[in-house]
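For clarity, chains are labelled A, B, C, D and E in written order, and residue numbers in each chain start from 1.
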């Protein structure tokens, strides 16, 4: 044993000779704080700055001709299109129609997604039977299925909500399943040792443990739901931001197109902000 | 409530962890298990608690299960196993919620066990805000809350300072006198073992087999009057452990 | 009087769908005892689907591979004609990018070896390209067809010089040519005379069960088409009348733009709609044969599967 | 203190009286195993069974007319279309073209996504400036931007790869960011206490800690990449599964459409299986 | 290498945890900190190691840092802080990889510290396959691997059985004699404190203040010959702690 120890000692001494450390002076030096970093501090003034800068750059670029006006109109033109839309009184109708589809479709899709993700994470038989189905159906483009949706759900709100529902369902399934897999097994064992009911363990241990992953999935699914507004409103939609964007696109009205896309962006920002709030409230327990 | 182990053996993959373990814990008896780190004590406890199935052998219980217990066979885990998203209070509440206890009474139970583990001030704290010892006390409080008939304790006092340990130890003795629960207590503190154990099971190094079972026939409540005998028992245990360690050392040097 | 019969009409927010809008606004449908509700679509494909599913009773769209396939499955049938190319009226124009133009693509005759943007395989744009090849006497495969899905992408492609040529509706084509990044090199009407671009269609169930309704619809639609042709295509009406009609159409088309911006687009986008919804059967047959020759639809489809000739006059120009 | 204890005692006794437990007999009873469940056992025979059953049901439904043939042809018809495609020799060209776009676009998009997700999770300034941008740009439908993509990336491979790249980028950013946030701060502190370099901490502690979430993000992004094949191959694509599906869709050739969609599904299954393998290999350490 | 604390105070949110802590640890000295659970010992250690900034007061080091150390100020954490995705070996390798040590020598260092903590058999094991005590030994092995000049140990032996603890304790004494490192050692085991500490700092209950600093002037290597004196010191400490606990109890009862 002793030989081993002295071997290590030698190693360190050799190392020391090689190292270039200078002999340090005998003064009091404060301990360097090394626990810093890796903590995200809020910087609430940055996002508005970034957006303002970007839009200003774009505007200047457009005006100077540096950004070709071919397909990307200046933000001011898009803003004008937006104002026109607001004046026409259609804005509220578009937004209302889209919000309704979004909220209903996303809520149902996400809740179903969490349910299925949990099932797949909890039951071997669900894992074996449903997960391959999810993997097989997720990559099917919704646009290819639109004709089917028309037949199954009609051309009313049904098919639109179904499109958004399907779109948000799958990412949430995968995120929730990943979250369940990541829950500390020791905590589950603890629950079992106290004879908690299966349902209690799921609700009080597994669900909260998977929550960070689920919320991350919600972020993704919300964005996808917004993206799918456009696909959803291809079918028989009179109003809706997606329909507005589509019409603008097919008429090559780029100013309207950008105005519509900006609305989708802002919707995305709002949803992301809301989920951020939810994270802050629900995940306070994280160190 | 009695517990019987019959020729228990356990393997993890190809690692032999336990071998030919047989003993019984009688009603109202506290059995302490001591043994070198990694010899399979926690594994054995999990097998006794039904959280793991032994590779071979059987575990039985017999005797009546007292009717005033919420969870007859209760664990205190070595790694605390607190839910990080629940406050101290809610972590204890967790194990009561599945039972038909009126809210007021549940609150009373929680307050009582928190007072006994000196955590009343930290009722609302989250686990991340607790020190190591405080977490351990929450784990103990949680186990006390269900008024167990049989306790499986895995180094329950290891992270505690000596006088908190003393207090909790005499608390356990008090509780035992009143409720006469049965317990299996894993510890690496020989003093704890001789203070609390009716029977001390000494395991060999991995694969854990029973090296000796030492019975201490002095009633728990009288032990403070028999310090010399306890000291002697502790010495016996210490020698057993030391032999084990020396044997292990010899093996290691040979392997070199 | 009998309670009005409720029907649903599928529409796109294009000027070419104006006859339906006019018929509704001016009460021509009501005169026939039918009450129309419009369902708006963003593409022709889902509209055809909605007819098949029974959600929509009538629709107006171009003859496409999809429509023919649906007809084959017994889901839709063409009952009348709508938009038609006609010499003398502004029709689809053939455009070349600046780059291609400068390289010598000054006439459709030079399209050999050039890329040509279409929306999808089997679309009217695709049909146009092949007709040019046939007429100019080179192999169809010598024109490199580039599917772009959307008119927007076609425009982006031609403007940025990534496509050599496209065909385009007149009001957009003219606007593009005005920027001198794109040049007009020909007219579609020279290659496909009397091209029956869009048709009125419905489902066989409607024909079977309510053939009276089809007739009534076509009558009202024709009145709308007549007004439209008179006012905006032949411009026989007074400026006020034109203005009034554009206002009427503006309720449906470019509704989200102020009238000032929308009016020129509507005015320039006006192309003739067949009087009496008559159908150029010859043109339909040509198109069907082209689809067959390109293997885009089944060879077994006959013109009878596609068209029900009992409702309107069949012209054979 | 004593009063409190006896109070609890009383509670338990009251509880006991209320409870309906029967006095138990004095025999040896084996300890009930309660540590079970919550473990996923592989059941490799189930997925083939499920798919076979589904397809059989569909075939029977189609033949019996129970499933309308209007939009959903029988699987045998789709199989025939597939065989025709294979015989025409175009199958390989389509698959090759799509695989190339998929692999290149997804790889770059996902790697960039992990990079940005880590940046956002590590730097307050990145969190404040990039994250809102991600939230704003993610919900923009790629299809609406196709004209822009034509200008920026041309109608060749550029725009196709860019579409897939963008589509896989965003979900991975969000998943990785979520993963970084979930890494145990105690481990980071440990790394700092040993004076590990910042880069070492990121590479050896944060990245592996975020890996479960990142892989979950890869699952999602891979499916989205496959979905976007269709969008990508909208513009000027001669070959590709997406182009095949699009043409089939516009011609309403439902048998070909289903054959194409099935190819996308199978692609999804393969990718999911590969990621499953990667999870098994890389996340062995999870309890 | 010496360490000086000057009037340290710390708060978590509004919870006063430490108050007016001043002491120095001289070169080659081992200072033990004892105190009731939750009194702020781990917090104090983190402040000393630069992992937390005290709300008020300063921490200084002085003296030469020996040149043969890889990481002068090294922690052994109370919760082990092992990377679950790295094997035992790789967990130790982690702290060496950032330094320009040839692979062969790195392997030698790892083998050496694993042998000293009796973990050679578990080189390739993942943390989930280890017992509590084994995890603690890995944490100690990792700290030993960097040949620290100043060690900050947070209850490093708490999860270990008595004889493994004995062995590691004498190993620490051996190491200290050879390397003469400086250390601050948090423990709740008074026996450990009197065996290892040149100076024992007794903290009061939260908010932790210094109640007493007990110096034990017997050289570490001779302590086994002075068991009576040690016993006496331990008794003194025990009385101090008990007083503290009683005071706390009284406070609690009053609050009731």
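Heads up, the rule we're going with is that contacts are C-beta pairs under 8 Å (C-beta built on N, C-alpha and C of every residue); 3 or more make two chains touch, one makes a residue touch a chain.
Given the structure is predicted, the values throughout are model-derived calculations rather than measurements.
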item: For subunit D and subunit E, chains touching each; value: A, B
item: By number of C-beta contact pairs, the top two chains; value: A-D
item: Centroid distance [mean C-alpha coordinates] between subunit D and subunit A, Å; value: 13
item: Distance from subunit E to subunit A - Cα centre to Cα centre, in angstrom; value: 43
item: Cα-centroid distance, subunit C relative to subunit E, in whole angstrom; value: 84
item: Residues of subunit C whose C-beta touches two or more other chains; value: 45, 49, 52-53, 150, 152, 155-156, 159-160
item: For subunit B, residues that touch 2 or more chains besides their own; value: 49, 51, 73, 79, 115
item: Touching two or more other chains - residues of subunit D; value: 1, 34-35, 70-71, 147-148, 150-151, 186, 189, 192-193, 195, 249, 252, 254, 286-287
item: Pairwise chain contacts, counting only pairs that touch as defined; value: A-B, A-C, A-D, A-E, B-D, B-E, C-D, D-E
item: Parts of subunit B lying in touch with subunit E, wherever the complex brings them together; value: 12, 34-38, 40-42, 78-79, 115, 118, 120, 122, 129-134, 136-137, 154-155, 158-167, 188-190, 238, 241-242, 244-245, 248, 252, 255-256
item: Residues of subunit A defined as touching subunit B within the complex; value: 1, 186-187, 189-197, 200, 204-205, 208-209, 211, 284-287
item: Interfacial residue positions of subunit E with respect to subunit D in the complex; value: 49, 51, 71, 73-75, 77, 79, 81, 83-86, 94-95, 97-98, 126-128, 142, 146, 253
item: Contact footprint of subunit E on subunit A as seen in their complex; value: 1, 4-5, 7-9, 11-16, 18-19, 21, 23-24, 26-35
item: Residue numbers on subunit A that touch subunit D, as the complex places them; value: 34-35, 37-44, 46-47, 50-51, 68, 70-72, 121-125, 127-129, 131-133, 135-145, 147-148, 151, 170-171, 174-175, 177-179, 181-182, 184-186, 188-189, 192-193, 195, 198, 201, 206, 212-213, 215-216, 219-220, 222-224, 226-231, 242, 245-246, 249, 252, 254, 257, 260-261, 264-269, 271-273, 286-287
